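Each chain carries a letter (A, B and C) given by its place in the written order, and its residues are counted from 1.
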Amino acid sequence: MRRFGWHVICLVALAVLLYPIAWLLTASVKPANEILSSLRLVPERVIMGNYAEVFRGMAGVSVWRFLANSLIVSVGSVVGTVVSCSLAAYAFSWLRFRLRNVLFAFTIMTILLPIHVLLIPQYTIFQRLDLVDTYWPLILPKLLATDAFFVFLIVQFMRSLPRELGDAARIDGCGPIRAFAYVVLPLTRPALVTTAIFTFIWSWNDFLSQLIYLNTPKNYTLPLALRLFIDQTSQTSYGAMMAMSVLTLVPIALFFFAFQRLLVEGVATTGLSG
Amino acid sequence: MRRGNRPGGVARGIALAALGVLLGATAACGSDGGSSSGSNVTIRFDWWGNPDRAEVTERAIDLFEQKNPTIKVETSYAEFNAYFQKLTTQIAGGGAPDVLQMDYRYVREYADRGVLSELDSGPSQVDTAGVTQQLLSGGTINGKLYGIPPTQNTQVFSYDFAQWEKSGAAAPKDGWTWTDLKTAAQKVSDSTSGAVRGLGDFGGIEDWFEVWLRQQGKQLYTPDGKLGYTAAEVAQWWQMTDGMRRSGASTPAELTTKMDGSQANDPVAQKKASAGFGYDSGFTAKSWEILGREFKLAAFPTDTGKIGQYAKPAMMFSVSKRSEHKPEAAKLINFLINDADAGKILGMSRGLPANAQIREQVGGTLSGPPAVGFQFEQQVAAKLEPAPPPPPKGAGTVKSTFQRVYDDVIFERSTIAQAADKFIAEAQKAIST
Amino acid sequence: MAVQVLGSRDVVRASRERQRRRYGERPGIAYLFLSPWVLGALLLTVGPMLGSLYLSFTDYDLFTTPEWVGLENYRNLFTDDSRFVAAVWVTVRYVLISTPLKLVAALAVALLLNRASRAQGFYRSAFYAPSLLGASVAVALVWRVIFGDLVSSPRYALLVIVALAVWQFGAPMVIFLAGLEQIPQELYDASAVDGAGWWRTLRSVTLPMLSPVIFFNLVLETIHAFQAFTGAFVISSGRGGPIDSTLFYTLYLYQKGFNEFRMGYASAMAWVLVLVVAAITAVLFRTARMWVFYAGEDR
């Protein structure tokens, strides 16, 4: 019975929480004027025209192309972030060196500066390197551990691993590199999976960088293309915009659902009893 | 002790993914903007708009490339706000496009800072003979032309005539007055018990204030860039509009403050108001569908006999000062504005064509809402005045301040007199720095 | 067994043993691990940071050369700018209201979901779904439709944005879940053997073991709250209205920099924010010593 009660609580909470998303879904099959004027969840008319409009593509580029572009950027970001941030986090949490605290404080500090003032200097750098209108400005920062959020996250997880692990590894003859690869990294899997999931989703939705660095429509990512529907000085296709939102949601929702499972399987024990 | 994955498999997976990404990233390397190989030149053209406009623009560009085989055009577009955010960043960072779409309100900000190239002389000269000369003054700063309007529009009053008839409101006619407007709007509100207001509260929009000013022979800015009005005029205007709010003829504060030019926040689109002021280029093929009903158009009401409206550049094309291919850029603009075939393709996508010949041509092919807009423009054409010169630096800030301070009025946080003074003070500051 | 005679190879191995005993004595290794980070910092972070610091002492309109004005931006900020004061006030209120709510929601749901069940995957994804959307224009539209007139009411507009932020508690929730996964089952077993109820277990096992993660979420959510931009931007259409009641600090900064072409002033605002948030973060780190427990002991 307790199990049943648990389910009830979860479902009730979800009903409230997911109402806006339900509205978004039903809005995507409503005609344009109904979207703006009505609060109802159930559409008066159901039309698939919004989705048809989306699949017709924009400026001659197909939706699948935008999807592929988004995938390139997001997968690249995930690979880069997971690798580079775990390396850096290991150094900050398990290794001792003189500048450790200073550099770690600097890492935290990089999160503090609002992006809008960094935007133009960073753009200038990439412009000089002639990398504008490629995906490098979007992926390179991830390869270089500039996402201090994840460095800090992984640090916290690595610091919670018991010291005895390090001793055991040492006794087994591992140097710091092998300790990293065979001991610490596998045990911080929850953190790495979390990093991967968030990096994917956040880089997918990172509208501003995509806007600034991508010029040619055929290089646009999906969220960028989505915004193209909502020009306020001319006619806006609200129905198609809702449909696009749903479509943008689907890949990352699937991704999340598939990968969150990995959070469970990497259960870490202290390893002492083993 | 559970060790989890062995790093071997993980490493392999990462390597494969990295390889795929590298390939993808290099594949996405666009060609350099503005490069030339041999006699072939590539220029970049950025504009704001929506997918419909993009489609016809792309077709026009294809035609241009056919007619000019040595010039290749790379295009990029975004919605209005994103466009300017991107443009500013790119210019500041050294990556400006060759041809850009410019807004009347910002052209001076950009020209005064040396970002735009002259279009009436020099390497980026464009042929402006066919364009309505009145319009050109909108892009002329200190005697030089920095932006050419491809299209024009003018201010308009649009109303849901079916609703007005039902409510017994008198339809606008030639020479109607502000009092007529108030009476009619009141009738609509009363007959629907306030569910549908006569019109959206227009007091905070500087554009309409400007028309009202011009009806009295005044202007928004003097030729030397100072404010052309005082707190007294502002207060008078706000007395009128706030009066309509209080009597229920126009929308309540909560609805009014949402208005930002987009349809999602337009009380007319939400069927909470039956009329409003706007621009006649805002009516495109889907207008009646989105609004859910049909509208009729009329000129502004006036108490002085002058309607105060002018031929306004809906937007402009400009050339970047740092463009390395100015003649080619000018050619593109020339094509878009003056070429008959281009005119046919582009139609009304940016508004009413500024080139007189093309305008005639296009007008004949229209139907539905755009035709209504076109007919209206033809009707008032004789009464329109030339566009005033581009507003001074800081004009954008003044406009947003106007709306923001009006919020204080409609939420009854301050008296009209106080608000008017406060606004003038802030406006002076904005244009003087 | 016979006593082993130490050959030269053994000596070398023994000395390496001693070296390895303290990893920290080989800074080269540490820098090897840090090399991507160092490269990234030098190339992409330090330069722009210093650049923006320099700009904060200039009058920079984005297109023409910056003009040095010394401390004038900072002076104007504190003495002559009423909207600045409004922005600070709005942001502080936002941080104080939204951060605790969001963390409590995230923790509560994470604890709720931390039990073996076949539906776990579904529930996790469902609770995370709102965060997938980010703060897009589409979401803003949905929010306006749902909250109607509250969005444009000066008293409640800020709370509408808080609601949007708290609604998207998925990220801290997932992090809490990951942290909960890392708690060894033996501790729960031991606690059950001791006869502890769920509240007792929560207090003496779960929360302490989770404290590094709680700390992380606290610090980062606070920092993010101070920098909140997109929600306010899309809901107020970039204006921060009505009557500046949703004029978040970074939104005001953006207006100054990009709409009013005063990037020097905006940079000054940015650095003021950095200093304030750095101070707050430092305080949080200090208090951490009292309540955050690392199973790995001080390292």
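Operating definition for what follows: a contact is a pair of C-beta atoms (placed from the backbone, for glycine too) under 8 Å apart; a residue touches a chain by one contact, two chains touch by 3 or more.
Treat the numbers as computed from the prediction; the structure is a model and nothing was measured.
**Q** Compute per-chain Cα centres, compare each with the mean of all protein Cα atoms, and return the closest chain.
**A** If we average C-alpha coordinates per chain, A lands closest to the whole-structure average.
**Q** What is the chain whose Cα centre is as far as it gets from that of chain B?
**A** Ranked by distance of C-alpha centres from chain B, the top chain is C.
**Q** Using mean CA coordinates as chain centres, what's the chain A-chain B distance in Å?
**A** The computed centroid separation for chain A versus chain B comes out at 35 Å.
**Q** What is the distance, in whole Å, between the centres of chain B and chain C, each centre taken as the mean of its C-alpha atoms?
**A** The computed centroid separation for chain B versus chain C comes out at 38 Å.
**Q** Any idea how many Å lie between the Cα centroids of chain A and chain C?
**A** Their C-alpha centroids are separated by 15 Å.
**Q** Could you check chain C for residues that touch two or more other chains and list them?
**A** 62, 141, 258, 263
**Q** So which stretches of chain A touch two or more other chains?
**A** 83, 120, 227, 230, 238, 266-269, 273 - these are the residues of chain A that touch more than one other chain.
**Q** On chain B, where are the residues touching two or more other chains?
**A** 81, 85, 92, 260, 262, 264
**Q** Help me check something: in the complex, which residues belonging to chain A touch chain C?
**A** Answer in residue numbers: 3, 6-7, 9-10, 13-14, 17-21, 23-24, 27, 35, 39, 83-85, 87-88, 90-91, 93-98, 100, 103, 106-114, 116-118, 120-122, 125, 140-141, 143-146, 149, 151-153, 156-157, 159-163, 166, 170, 175-177, 179-180, 190-191, 193-194, 197-198, 201, 205, 207, 223, 226-227, 230, 238, 241-242, 244-245, 249, 252-253, 256-257, 260-261, 263-264, 266-270, 273.
**Q** Quick check: in the complex, which residue numbers of chain B touch chain C?
**A** Residues in contact with chain C: 81, 84-85, 88, 91-92, 109-110, 113-115, 253-255, 257-258, 260, 262, 264-265, 393-394, 396-397, 400, 403-404, 407-408, 411, 413, 430, 433.
**Q** Spell out the residues on chain C that touch chain A in their complex, using ranges where they run on.
**A** Those in contact with chain A are residues 20-27, 29-31, 33-34, 36-37, 39-41, 43-45, 47-49, 51-52, 55, 62, 109, 112-113, 115, 117, 119-134, 136-139, 141-143, 145-146, 148, 167, 171, 174-175, 177-179, 181-182, 184-186, 209, 212-213, 215-216, 219-220, 223, 227, 229, 250, 253-254, 257-258, 263, 266-267, 270-271, 273-274, 277-278, 281, 294-297, 299.
**Q** Where on chain C does chain B make contact in their complex?
**A** Result: residues 61-64, 141, 144, 149, 151-154, 237-239, 241-244, 258-263 of chain C touch chain B.
**Q** What part of chain A is in contact with chain B in the complex they form?
**A** Its residues touching chain B are 31-33, 36-37, 58-60, 69, 72, 75-76, 78-79, 82-83, 119-120, 123-124, 126-128, 130, 132-136, 139, 181-182, 185-187, 189, 208, 211-212, 215-217, 219, 227-238, 266-269, 271-274.
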